[in-house]
Structure formats: C-alpha cells, structure tokens
Amino acid sequence: MNGDKLLEKMHGLKSVFDEKESELTGLDREIGDGDHGVNMKRGFSAVHEKVSGGTAPEVLKQTGMTLMSSIGGASGPLYGFSFVKMSDVAKEDIDKENLMEMLDVFADTVASKGKVEGGEKTMYDVISKSAELLKESGALKLDDLQALAQETEDMIATKGRAAYFKEQSKGTIDPGAQSAVYIIHALGEGME
Amino acid sequence: MNGDKLLEKMHGLKSVFDEKESELTGLDREIGDGDHGVNMKRGFSAVHEKVSGGTAPEVLKQTGMTLMSSIGGASGPLYGFSFVKMSDVAKEDIDKENLMEMLDVFADTVASKGKVEGGEKTMYDVISKSAELLKESGALKLDDLQALAQETEDMIATKGRAAYFKEQSKGTIDPGAQSAVYIIHALGEGME
Amino acid sequence: MTEILIISHSKDIAEGTRALISQMAKDTVIQASGGMDGGIGTSVDQINDMLDQVQEDTICFYDIGSSKMNLEMAVEMYDGNHTLHISEAPIVEGSFLAAVENSVGTETTQILEKLQEMKK
Amino acid sequence: MTEILIISHSKDIAEGTRALISQMAKDTVIQASGGMDGGIGTSVDQINDMLDQVQEDTICFYDIGSSKMNLEMAVEMYDGNHTLHISEAPIVEGSFLAAVENSVGTETTQILEKLQEMKK
C-alpha cells in the first residue's frame, strides 16, 4: 500500500463516518455526551478536504494532524496522535508486516496517551487486539473486528466519560471501540 | 426621623455616591476588583428610583431589598440584609437611641453574614464603632467617621477580595469602610 | 430527582457550565445564572428567581466569595419545601460531577460525599 | 511574570473565566480558549495557538478529561523556551487564585503549592 492507496482509504473514511454518524452518536448518547458520531464525521470530512497526498508516512502524519485539530473530543488526540506516531514506523509501501507494526504503535500510543489498558471499555480494546488478529487470521475482516468491539458491550467503563456511568455503562458497545473498527478495517482492506 | 425624612436621606445618597464613585472605585482598584464605586452608585440609583416611601421601617426594608438586588458585589448582601434587619428594630420615628440600636443591628448583621470581626479591614471596622461614636460624641460627624475608615488603611485584609492582596493591602483605605462612612453619615445627619 | 443550581459572577461561566453539563446529564434539571448588569457580579435576586423554580431537593454551586454570601442569604430566606444544599465544590467540575452522578441515579447523600472530596 | 492559560470545553466558560480573573489581576497575561465548532469540545490546535503566544513560564488550566489529554499533548509537542505547568486545580477557582496571587507577586512555586491544595 503506497501513499496514493492509503490516501484513497483515508478519504473513503469520510463516507463511512457520514453513514455511521447516527450509530456512533447513538452509542455515545448512552454512555457519553452523544457527540462521537459528529466528532468522527467532522474529523474525516476535514481529512477528505485537507489531506491531499504524498508518501504513505506523509499521508498518515497529515491525517493525524488533521484529526487532532478537528475531532474535538477525547478521540481527537487519541486517534490524531496515533496516526502521527504510526507515520514514524510506516514504510513508503506498507505491507502486512509493516501494518502489524503500525497497529502496535497505534495501541501503544492510545495506551500511553489515554493511560488505558485492556478491559476498560475503550477504543483500546479493539486497537490493541488488531495486530494479533491480522497475524493470526491474515486479514482485518469487518466481522472479526466487530467481534472485538462487541466484547466491550459487557465491560464496565473506567476511562473517559463513560466511566461516570459505572455499572450502567454495561450493555452498550463503547463508541470509540466501534469507530476503531471502521478505521482499522479501512487500513487493512485489500491487504489480505 | 420619620419615614419621609429617612426617604429623603436614602434618596440623597444617590448624589453622594454619584460624586464618590471614582474615589471608591479607585480604592477598590488597589485592593479589589475596582467596582465598588459603580456598585454603590448602581445600588443607590436603584433606591432613588424604586423606594418611594412609607414608614421608617418600611423605607429601611425597601432600601435593603433594593440594595441586595442591585449592588452586585459582596457589599450588596451585606448592606442590603443589614437594612432589612435594621427595619425590624426601627421605630416609626427614629430617635438617637433607636439609631444606636439600629447601628448595633447593622454591625451584628455584617458580622454574622460576613463572618467578620474588627481589624479585618472591612466596612465592619466603621460600622461596628459607629454606635459607640454616636453615644460618646452625641453625633455622627463626617470627620469622626472618616477617622474610623482611616484606621483601616494600615490594616491587612483578611476578608473579601482584598485578602488576596495580603501585606500589599496595607496603605489603602478599605473601599467598604469608606462607603460605610457616607451611609452612616447620612443616617445620622440632623439627629444631633 | 435532585436538581442543580449554579450561581456565578459571570453569565458566560453560568451558561457555559450549563451547556457542558447538560450534554451528559440530559434528564437532570439545571438552573444557572450569573453576572450583573452585563458585567461581573451576582445578586440575591437572581438566586431567588431560580429558587422559585426549584421542584426538588437541590445542590447549589457558586464560584467565588461574594456569590457564596448571596447564596447563603437566599437559602436562608427560602421558604419553599425542598432541601437546599450549598456545595463548596468547584463550580464547573463539581456541578458536572453532581449532574452526571445524579443522572445515573446516585443517591444525593453519596453525591454530596463525593463533592466534599473536592476542594477549591 | 508567570502567565495563565485556560482551556475549556466551552468557549463561554473560557471567556467568562478570563473576564472574572482579569478584573482583579490586570497585569497578569491570561489566554483562554474553548469550544469546538460552536459547541462543546477542545482541540490541540487551540492550545497550540495559545502556546505560540506564550512569553513567560505559564500555568495551564483545563476543565474535564479530554481537555487534559489535549493539553498534555500540546505541552509535550511544545518546543518553545518557557516552562509550562499543567495544574489539576479547578478551572475557575484555580486560575482565579493563580492570577491574583501572581499579580501580587507571589512566587510561581508557591502558587503551584497553593494550587495543589485544591482538588477537583
């Protein structure tokens, strides 16, 4: 996957998040402030508008900077900084192995910035298991990723706004885990 | 002093505070937020506009309610509630002795609402000594009242906004002590 | 369900805090007011007007010094049927916590305990 | 002299706090920003823009969770010459205290100690 292909994927996420806006907002309305759909849509609309090309690392970095500026919620610095960090390890032509490396950096960045670990009902629960998934199944299939997000449903949130809901955060998939499914799916598409 | 006479005095304080606005604001600019002149002017303009007469206790009560609503600073509830409380002890025709009683109530109210005692560099330092002054000198002369306010100059503030200035609050007369001079002087005028 | 009352020296702080909170605690009743004559200040009146609307026990938040005095006075003069708590917790973070806890059903006494751990 | 930086989820809270503070700390430089797209939110950009203007060591205040993350990130990316302190004190009351103490000449280390006694 070179810069052009990656750019296409990043631009493509605009329509994904246009479509998923109400799903994500619905989840965030249950265990947050109800803006995650709007946030992600705004973020990737900005990416579509402002990220115009370059090498794969350049596209990742621009995407990250744009997400940081435009998302507006906790997911902004988390996704944004992660893309910036992934650009440090990405090759000009990203192969499956390099993508695994990138996903590890993605997970490490979220862990350190979010001071989060597994089981806290956040995007980290999807991100941190995706490198492993890619290694074992050889792909990042939507169903498999969705299963990871699904695991957050029964968790009790201990990070971010959802933590205020305590036991009542049970029964809803974490909004950030759900949006992570779409982002990671896009990164992996066509890499099988 | 009946209600009419008292009303005249309360209305008269409008022009006093019009005139003293910049003096009071100047003091409050040194050891506060610089609004005491505006606050007192607004308070007694409202009294002039809204308090229209009645018995002496009624005039006091209306004055208090109006000050509470319109001053807008710490001095609002302190002066306002004090006038309301004074109305409880005021006679229809206030004589010197009754005025002493009123001034004691004035001091007690400020003490309890402001959780303040003497020497903390507030309006209380003037108010609390005025009954005594009236008793001993038989009058509430401007010079004598001003001397009480003057005593606050060397004090270090421990209440209200001026307390933030600590040692640096020394060297400025407390704005509330200064405005108390005008209020008490007005109450005492013509009662010699 | 417990209500929230906010009195600030600034209309903007009052409005902004209300907006921040209500995003996450949609079913909690929040009254917020602040400022004086277009500038910085508070008055007992504003608080009285809010207290007139109170329909349940209420936790009240203020920002700095003189708004506390006004709040205490208004609470003292209040003759309605509900219990009014004055919280010493920070106006933004305290009212946010209280509103969210309230909307997830935490008992008022427990909310007040949590607020007491905050300090401004 | 130490400067104050305020980042809130709400433009109104940011503006109101600035107004409240500057009344009493006229010579303290205060930067305040908040909100996202006309609503509630923060972004690293807003903070970076403020950090670009910083001329002295600065104490930074935030309101709730995600503005802290943005603030930490901006401070980490900052490559200017001044020391940036992130305070955990309440946004309104903490920045008020810091600004007033600062304007009366209190040492920054002492201000930071006082802020540490606050808890949100």
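Read from first to last, the chains carry the letters A, B, C and D; within each, the first residue is number 1.
Note that contacts are C-beta pairs under 8 Å (C-beta built on N, C-alpha and C of every residue); 3 or more make two chains touch, one makes a residue touch a chain.
Quick caveat: nothing in here was measured; it's all calculated off a predicted structure.
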item: CA centroid of subunit B to CA centroid of subunit C, Å; value: 30
item: Cα-centroid distance, subunit A relative to subunit B, in whole angstrom; value: 63
item: Distance from subunit D to subunit C - Cα centre to Cα centre, in angstrom; value: 24
item: Junction residues of subunit C - those touching two or more other chains; value: 23, 40
item: Where subunit A touches two or more other chains at once, by residue number; value: 33, 35, 161
item: Chain contact graph, described as a line, ring, star, complete graph or other shape; value: other
item: Touching pairs - complete list by chain label; value: A-C, A-D, B-C, B-D, C-D
item: Residue numbers on subunit B that touch subunit C, as the complex places them; value: 33, 35, 39, 42, 68-74, 76-78, 80-81, 113-114, 160-161
item: Touching residues on subunit D, where the partner in the complex is subunit C; value: 8-17, 19-20, 23, 34, 40, 63-64, 89-94, 96, 117-120
item: Subunit B-touching residues of subunit C, taken from the complex the two chains share; value: 36-37, 39-45, 65-66, 69-70, 72-73
item: Contacting residues of subunit D [partner subunit B, same complex]; value: 23-24, 97, 100-101, 104-105
item: Touching residues on subunit B, where the partner in the complex is subunit D; value: 32-35, 161, 164-166, 168
